[in-house]
Amino acid sequence: MIIIMERNSTREQAQRVIDFLEKNGFEVRYNIGEVHTVIDALGDKTTITPGRLAGFDGVKEVKIIREPYRLASRDRKQEDTVIEFQNGVKIGGKNRPVVIAGPCSVEDSYDALLEIARAVKEAGGAFLRGGAFKPRTSPYDFQGYGEKALQYLRQAADETGLLIVSEIMDACDLDLMLDYVDVLQIGARNVQNFRLLHAVGKCNKPVILKRGLASTIREYLLAAEHIMYNGNSNVILCERGIRSFDDDFTRNVMDIASIPVIRKYSHLPIIVDPSHGTGQRYLIEPMAKAGLVVGASGVMIEVHNDPENALSDGKQSLSIPMFKEVMARLNKFIDNLDNI
Amino acid sequence: MIIIMERNSTREQAQRVIDFLEKNGFEVRYNIGEVHTVIDALGDKTTITPGRLAGFDGVKEVKIIREPYRLASRDRKQEDTVIEFQNGVKIGGKNRPVVIAGPCSVEDSYDALLEIARAVKEAGGAFLRGGAFKPRTSPYDFQGYGEKALQYLRQAADETGLLIVSEIMDACDLDLMLDYVDVLQIGARNVQNFRLLHAVGKCNKPVILKRGLASTIREYLLAAEHIMYNGNSNVILCERGIRSFDDDFTRNVMDIASIPVIRKYSHLPIIVDPSHGTGQRYLIEPMAKAGLVVGASGVMIEVHNDPENALSDGKQSLSIPMFKEVMARLNKFIDNLDNI
Amino acid sequence: MIIIMERNSTREQAQRVIDFLEKNGFEVRYNIGEVHTVIDALGDKTTITPGRLAGFDGVKEVKIIREPYRLASRDRKQEDTVIEFQNGVKIGGKNRPVVIAGPCSVEDSYDALLEIARAVKEAGGAFLRGGAFKPRTSPYDFQGYGEKALQYLRQAADETGLLIVSEIMDACDLDLMLDYVDVLQIGARNVQNFRLLHAVGKCNKPVILKRGLASTIREYLLAAEHIMYNGNSNVILCERGIRSFDDDFTRNVMDIASIPVIRKYSHLPIIVDPSHGTGQRYLIEPMAKAGLVVGASGVMIEVHNDPENALSDGKQSLSIPMFKEVMARLNKFIDNLDNI
Amino acid sequence: MIIIMERNSTREQAQRVIDFLEKNGFEVRYNIGEVHTVIDALGDKTTITPGRLAGFDGVKEVKIIREPYRLASRDRKQEDTVIEFQNGVKIGGKNRPVVIAGPCSVEDSYDALLEIARAVKEAGGAFLRGGAFKPRTSPYDFQGYGEKALQYLRQAADETGLLIVSEIMDACDLDLMLDYVDVLQIGARNVQNFRLLHAVGKCNKPVILKRGLASTIREYLLAAEHIMYNGNSNVILCERGIRSFDDDFTRNVMDIASIPVIRKYSHLPIIVDPSHGTGQRYLIEPMAKAGLVVGASGVMIEVHNDPENALSDGKQSLSIPMFKEVMARLNKFIDNLDNI
């Protein structure tokens, strides 16, 4: 890292920083100048983090050079991570992008869920998604059906040959979730719930980690690093929109460029969620394509048998007939991706 | 709430919304017009949330009129909430603003902590703060000393007559935390960790709930509502800066206006944290004053016996001598608050 | 529009709003309720703007229903606006997306510009872009060569059969610009320089109006409305990234979803500028594709004969060989757009 | 400045950067390392801007060390800039903070304006503000009365002994404005209208330059630098809120911390505008105090004789009786500022 000293800092202040770095095993090169002093330190940032140095008097700024995540970094592992499931489905690398679809929340009717699952399967989807435990901004909103929802999901998935994605909200639900789901999802609001990251890091179940509403790309990859550092390298990232100053037409702003950025700096697969990313039905198809064209390894879409009566997020769900139409075009688009 | 139909929506679409609302016990008044149709619905939003209606075809927008939090709302409870501690300290209302101070993290030396605690006490502080469990962006950063840190805090507080504030990161630590601390803190990253909100809602220990980096004021008050809805009304809010487009000079942007806004719409006390809010030592004093002058019920300040060697957030911590100077001026400022 | 009164507003306050609206020719329907009062007013917002009503005591919020731009609105004009140039090039509607390329600034060498122009032409570009007057954040940065640059542009364009796009910074340059360029560009920083909008509105030269760094979509379309209201309906919009909280990897966040949103609400063509939108060479191609796949009518790309020695924005410019490679793939992509 | 090379950059790439810097008169020190290469260059950034270097292959990042503004910098001029008017009023330094008040727009009645001016004068205000030319988001909004408004302002100011502040929207209005006003104002939307900055830079009339909605502090000081670089050093900065993700309760987020930050890095005075900063009457007084307590040299407040019928921004204007009450408390507050 590089330590830039303040303009009016003293030689003694610089020396204290240098001594501290050397004492901690860093190789230090420095230029103490009239106008500015720059200290270039090479060593293991796991022993001293930039924040430690920022506290020294006279330090203006500490600039990291190497990205702070390691296990998630493309520097460390050149080839794309590919996550493979028992039924042969693969996410990542040069594999065909996957489709993950289903209702925002699993609701009270198994038949309805099965109807959705069949539509997903017929349309070429590989995963059925559905919330059993729902994080909701208001305590007065529907909070999910819990284990019953997981049972419904499992049954519908088994009947149709799909895999299941469902969100885990708390470490204490992990054992329960592991009994039912194929992929754990961590929602945007929990992207820095470090205890939850550590818990899922200790199992080897694949995890979809959604980007937080205000996560920088670096913070997001560090959140993935928390999972990987605890032992689980089966992490799938998911761009689902970030918070911006304009929510009149879309719920969030999808940071489509984050997909090629992350693919450059990390080997982890990243998928795209245009339903949450925009909050608007009519934007699901174009934004799914935008994500795929820049390299997303999959798409997550909300579909509901009766969006008008959905217990959550009806506005951003496709009905089954709309989903079929969108999927017909998306499948053709995916077929052509290699040619474009 | 008000349901605004799209310009080209049909009379039938409006009627379906109206029927649904009436079936659910809402009193509905509507104007089906040539150019626009507006439906005004009065009823219990715990039975139907705006999101439910947004899923209906032809609905352009659902506009809530009453703020969606209830227990936290000033409409429901006119008088300021005051939280009183066994030793007579009070937070909120017309009580003298409190000072909460201490290191970002509790570190390895009890003597150092005691030295800080004594400085806090002498300067008129009422609470000793310090992290035992630390949420850290990177897994390679210091994560806190856990229970040992809580023991140190308790001992230092008892020796000096202070109360303790410390952060809870996960519901499973609740029993442990309750044994040691006087006020639970929920950090900005956990503001929508709903399981944690529910857990602290089920005890009656006072809670400082920090605003999330990207929380709107409404979402923030709804997070407080999650705690209150579960039974704990001893919630203290804390403005600690929000994420903005400029972090060159300050870590976050402190939304000072949120303090009088929240005081208008909620009866809960709100304090201000200029250390995290700015990330800069020299801004702690002016931003503490800015918060107090608009109505904050307290100030949270990071102080460390040796900021250069702090294991976290040294840059934004005051040294003990600086803290004493700042407190001398802040105390005088607080003395004069009623006159200004 | 809808006027929502505050919870504790009086019947008299509502009546004053109603009287004011009726006096101004609005058709008013209202429900004065115990809990809330909502006034629904139908009329010509050019006579009373929402801001006027917001000043009345007791008014909580004024909600517009119809989008406030008119000439730019799809409601007013269903079919896509297509802008046609003398040489037959067309922008908008179902026409093949155009490519606009060239250096950020026109520099001192005509030969270099001609080399770039030839590359643009050979690669199928229709427009040569280049700055003659440069808006620069710092007064110490290169400010452009002015009229000499315009002469170079015109000559290079004439020699190659391209059209010219160049930025106008001030109304007083309009006559000069009109002598040379085929399309005026208004930069992001001038998106609400209303005098400039009015001036270009009074000529009939096509205008590329770039979205401001912090423009909402509604404000952006109102900026276009300022031009159209003054008589010039040849407005081409351009998504070039908005300001966000993360600029570590990209200069701005491209709001790709704004393209289909704007196409839904407006008939104006919109193009995409991935060079400014990302500030990174390696993102130009994927983000150009992302824009095109969601409906952009063109792409603007920075290309420079010697990016290392470019006087501005070298980091985001392609070299000529890179440009040729990118264009080969983009042309193939555009060829296939109808099939995907 | 410091040039950080990419991890996989070559020795040759570094050498080309070094050669280029040395050729341009920079003193260069560098460490070409296995893991990273850092080049430290000392010289005159007016000859090479960081953007120039960023275009070189292998350059990861160019980091400036000295702030890029010079004339506006506290490094260059230690003592506070104080702007003095003919009648003895002074803005900046240790002078008593000034109050600037008046209607958003000057309207059709001279008597109304005079009534406001008298209230401003009686309450201790030094400046009458009022818009003659109004930048308006929509072309259908009131655009100001132009010269007639300037005449009214001048007459009302002369009758009451106030000075005038009014906004200039375009360089071509400069001569007209100079005939009437004592302080030119440049609005937030024009903060990077560089032609306008250059034009006002060439006169010596004091200028209030408002911060842009999305201006970083550095960009804002560079905008001031544009004025100063052209010869006019009478620049007064004005914090008036920045754009954020939450506009439900306030129009903008006031960045109160920017005031002490700017006072640290620049010698220019900065005032605060809580009317535009919040858009809410009830927040004017607390946010004025917050600004003053952190070091603002003045407050700008909107006051209108009849806010309900104001042609613009009624919601954020105080009525005359409210203004008198607020001013009574603000004056007392200002009297006490030295003691607190």
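As written, the chain order gives the labels A, B, C and D, with residue 1 at the start of each chain.
Criterion: contacts are C-beta pairs under 8 Å (C-beta built on N, C-alpha and C of every residue); 3 or more make two chains touch, one makes a residue touch a chain.
Note that the structure is predicted; figures quoted are calculated from it, not measured.
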Chains contacting each of subunit C and subunit D, listed by label: A, B
Chain located farthest away, centre of subunit B as origin (C-alpha): C
Pair joined by the larger number of C-beta contacts - A-C, B-C: A-C
Mean-CA-position distance for subunit C and subunit B (Å): 39
Between subunit C and subunit A, distance of the C-alpha-averaged centres to the nearest whole Å: 31
Contacts with two or more other chains, residues of subunit B listed in rising order: 214, 243-245
Residue ranges of subunit A touching subunit B (in the complex, touch as defined): 16, 20, 45-46, 49, 51-52, 54-57, 59, 68-69, 135-142, 169-172, 189-190, 192-196, 212-214, 219, 222, 225-226, 229-230, 243, 307-315, 317
Partner subunit A, residues of subunit C touching it in the complex: 214, 216-218, 242, 244-246, 248-250, 253-261, 264-265, 277-278, 282-283, 286-287, 289-291, 293-295, 332-333, 336, 339-340
Subunit A residues touching subunit D - in the complex, by the definition given at the top: 2, 4, 7, 29, 31, 33, 35-36, 38, 40, 42, 60, 63, 65-66, 75, 243-245, 247
